[in-house]
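Per-chain numbering from 1; labels A, B, C and D assigned in written order.
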Amino acid sequence: MTSSHTFEPILRRIAAEIESMAERGRPADYIPALAVYDPRRFGMAVAELDGTVYGVGDWREPFSTQSISKVFTLALDLAREGDTLWKHVSREPSGNPFNSLVQLEYENGIPRNPFINAGALVVTDRLHTLTGYAAGTLLEFLRAESGNAALAINDGVAASESAHGDRNAALGHFMASYGNIENPVAVLLDQYFRQCSIEASCADLALATGFLARHGIRADGTRLLTQSQAKQVNAIMLTCGTYDAAGDFAYRVGLPGKSGVGGGIIAVVPGCCTLCVWGPGLDERGNSVVGVAALDRFTTLTGLSVF
Amino acid sequence: MTSSHTFEPILRRIAAEIESMAERGRPADYIPALAVYDPRRFGMAVAELDGTVYGVGDWREPFSTQSISKVFTLALDLAREGDTLWKHVSREPSGNPFNSLVQLEYENGIPRNPFINAGALVVTDRLHTLTGYAAGTLLEFLRAESGNAALAINDGVAASESAHGDRNAALGHFMASYGNIENPVAVLLDQYFRQCSIEASCADLALATGFLARHGIRADGTRLLTQSQAKQVNAIMLTCGTYDAAGDFAYRVGLPGKSGVGGGIIAVVPGCCTLCVWGPGLDERGNSVVGVAALDRFTTLTGLSVF
Amino acid sequence: MTSSHTFEPILRRIAAEIESMAERGRPADYIPALAVYDPRRFGMAVAELDGTVYGVGDWREPFSTQSISKVFTLALDLAREGDTLWKHVSREPSGNPFNSLVQLEYENGIPRNPFINAGALVVTDRLHTLTGYAAGTLLEFLRAESGNAALAINDGVAASESAHGDRNAALGHFMASYGNIENPVAVLLDQYFRQCSIEASCADLALATGFLARHGIRADGTRLLTQSQAKQVNAIMLTCGTYDAAGDFAYRVGLPGKSGVGGGIIAVVPGCCTLCVWGPGLDERGNSVVGVAALDRFTTLTGLSVF
Amino acid sequence: MTSSHTFEPILRRIAAEIESMAERGRPADYIPALAVYDPRRFGMAVAELDGTVYGVGDWREPFSTQSISKVFTLALDLAREGDTLWKHVSREPSGNPFNSLVQLEYENGIPRNPFINAGALVVTDRLHTLTGYAAGTLLEFLRAESGNAALAINDGVAASESAHGDRNAALGHFMASYGNIENPVAVLLDQYFRQCSIEASCADLALATGFLARHGIRADGTRLLTQSQAKQVNAIMLTCGTYDAAGDFAYRVGLPGKSGVGGGIIAVVPGCCTLCVWGPGLDERGNSVVGVAALDRFTTLTGLSVF
């Protein structure tokens, strides 16, 4: 699948630059399963519209997708229920750290956007109602788009997330108190922790994100989202995709992107390609230090940017 | 200057659609000078990279630029002091109504971004220090870019803004208490109210915005901003340009844009063209109802969008 | 036990005045079990230091104690662990509606005081750790002080509270995420809902509150709290006892008091007597309308007030 | 005026204990005029109902009254307009540091109580409207009650407060934007800074507070407040008088009190006496360290407490 291509020299150059970075942040340590990763790991993959994918470093190493999964559950739910979703979650930047309850209370249980934890819980809740198995629906989608049938939920990570899940339990019960959760909170949390515990590589995730660069078309040529919906998901990624650093990410990288505390970041160049980078060390806002740096370099070197 | 062009039929079609819109919101009424405009007024202009401009409706009618001015003072200040500015104002979406003091207190007097009122005051304060006359520097710039030497500050509007300026005075003094304002608050407010009271038409503002589509190059071919800075201003417009509706605007329109309570909105298609629409009736978040609708139609009909 | 006494004519006069009150608020309706009470019900009891108790109206009718229970769990926990408690809950007025999560987040999981729900959960959690059965310890205490062995938990109310307990579950999990809860949240909530579902009459509660007028001495002459601790509980009742209306209650009534959404209010005249009033209709801040009115009249007519 | 009396040995004992306190906090340093005081200074005075006053230490040394003045402007305004005041300021504890703008925004420009800065500004604004000279009305009252015609405004302190008054200017303009300020903000601030800059001794202030222990009766036997109003002012002092430490003060001291950043605290034992203590070193919440300690000891040693 790997081919020689114009982006490859750029990826090698970026990898060389990243190699010399001393300050790489610290891996997420709120659960033991994430704290074990070496912050010196680095991978980066680019997938073209036709499914060609290539990369550098640890680009075939699976890692915990975590919040990156929120992009896919959003798309899978939107594809099923369309604009009804927007009665239950807004699409405005949050302007607060990603777990904040303040704004949720201020706005009567309607989360600001689908990428803060509260909003992602609402999306998973609705997808679970529509499909009967939210995490399974997501896993099946990721396998199909990446062509990697080996993708799986890491049950140990899911159990560990659950054991440290009081904050998300609080969010779930709080929204339930406003009538904005349909499933029992315990059921929802189980789905959510499974969803976040799917492991995939940069290659897998760059491929799985392809439908957002192809204006809604899946790898097999069928349509998941309308062109308009695909643009809308990109817009939400740009404005809300990197926790409280969305403005900074748009300013530095200039692409729709979504990060996870597993150290991965996916990004979209609409009509051109998709990217995924991985580096376990996080900055104080929860985004991969080398991941943001690598994407910053990519858009600078290629001139690709939505602006 | 008007030429026949591919966008002209689209503008005419949009104008016809807007004509039939019944719900147009209400003009800003916090000062009498803004409340007089008829919400049935509508203008729209497109400026190409070479300075060709054309439009429909009231596209040559001057209106109060208000917060649209914040884009230009940001660019004029960035051109002079560069990244030093970012020690005094952040570039993250605010997630709160545009006058909120809450987040300002929470973040020790550093406004969230240059487009909320607090952040715009900081930018004007700094530009005033650097130039000795912030509002004059802005006026001169707008005249040069639009080629319209008749552009002027409406002193009556400025006086009216000042007479109703307690909220902005509170913001100024509050930031001054954190040491984040350099000029006397009264001097700053005078500059700020003048800046907001400059009147210009859709044609003028579409032309004046051109440097953001030309990656930093002014109308006369000289460079105002680096390519990187121009992209950054576009990124901030996309994430923060329409008050608390930035997410919704990105979702519906998909372009960097900036609105003002005078009913105008400017927007940028990087590398292609700039737009300005005007309709005095505002929605509950302070953005022109017909303006947002017209831009929504424009990107739908042309397929132009950064996503 | 009823005797002729100087307060009896005053109680009769108050009852007559209350009889003519048209506006009596609405019973709590968040659970069906509380919504059934007729807002025309009214009872009031006064207990003297020696255990003499008398009353008017429905003063022997059991009602749901709800948040009044928080005073007793506070005292029972303080008696056991003393000042260690204050590392886990503060004693400042909350300045926000009683269920607010905002301040809890702002202050890292340490509730503002023992009478907001979050603080009461912390107290019950700690009492449960110390006694193995918080709700049972409370019930035993209330039976002993009131001399009424028939006092019981209403299991139906407890189940109903639990079924509508998402807000309290959110609070519990949220504090647990800060490490401020010792027992499993489900165990804690079970204890808490049982505690709130104990039913007692005005007579029972006026008697049970007696230790706060006797500077810490229980009905049987043994000491529960030091004199200093008893004063401190009174101080917390005065500053925090009536949700977001503590200032207004202090202003109008001028006594330490604690209300519950079951419509009851207890009050203390230190060194003199204790009172309990009951009327199911609540004002918009969750306090019994006729209860506050009756206490207001009592302090006006008797001149008793701590000020 | 000094007489031998039962409290004198207690005052001497307290002074001896305070003498040995090592940790005394730091004087307010936001204006140079307050930073000069030696934190080893200490004074304490008790005034009986009949005007007898005695004290220890620096009890006749004038200091800056600062926020203590808010008690007197509240009483002077209440005496003139009665309950109308409560449409413009609430009487609930604030639950936030004393300068917070958050709650003010949340509650549409109506301050939580008359003792946070915002509320004190409203009271002074209204008193200024009613009397034409708020600070002068206050000065005249303090002179009359203390019998000390030499009391005066320290103009240097007032000028210094004004030069550092951005936070209060922000509050004033913010409330003006809600229509809750009647005078020009600059006029109001001038009155407010003068009011806070009156200098008086422990003896003066203990005497001037006497009307609150005499249920509203001034030193000359005339009535300032109704009995009910006097109780209400005491209630507000107890619940709101010591910034964000009102709960702690009620818990430790158990008396209505009001502190100022000049290091003074006044306190009331209703029907018995009034106290004033002074020590310039403040704790992190703005209250005199030795002042709170001295009052704590006083109520412990005498058994006097409203609880």
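Note that a residue touches a chain if its C-beta (ideal position, glycine included) is under 8 Å from a C-beta of that chain, and two chains touch if they have at least 3 such contacts.
These are the chains along with the protein names UniProt gives them: A, B, C, D = Glutaminase.
Everything quoted here is computed from the prediction, not taken from an experiment.
**Q** Please state whether B-D or A-B has more C-beta contact pairs across its interface.
**A** Of the two interfaces, B-D and A-B, more C-beta pairs touch across A-B.
**Q** Tell me which chain's centre, taken as the mean of its C-alpha atoms, is farthest from subunit C.
**A** Greatest centre separation from subunit C goes to chain B.
**Q** Measuring from the mean C-alpha position of subunit B to the mean C-alpha position of subunit C, what distance in angstrom results?
**A** The computed centroid separation for subunit B versus subunit C comes out at 55 Å.
**Q** Give, as an integer number of Å, the spacing between the C-alpha centres of subunit D and subunit B.
**A** About 48 Å separates the centre of subunit B from that of subunit D.
**Q** So what's the Cα centroid distance for subunit A and subunit B, whole Å?
**A** Centres of subunit A and subunit B (C-alpha means) sit 32 Å apart.
**Q** Give me the residues of subunit B that touch two or more other chains.
**A** Residues of subunit B touching two or more partner chains: there are none.
**Q** Among the chains present, which pairs are found to touch?
**A** A-B, A-C, B-D, C-D
**Q** Please give the residue numbers of subunit B that touch subunit A in the complex, ascending.
**A** Where subunit B meets subunit A, its residues are 90-96, 103, 112-113, 228, 230-232, 234-236, 238-240, 244-248, 250-251, 254, 256, 270, 300, 305-307.
**Q** Provide the residue numbers of subunit C that touch subunit A in the complex, in ascending order.
**A** Within the complex, subunit C contacts subunit A at residues 100-102, 105, 166-167, 169-174, 176-177, 185.
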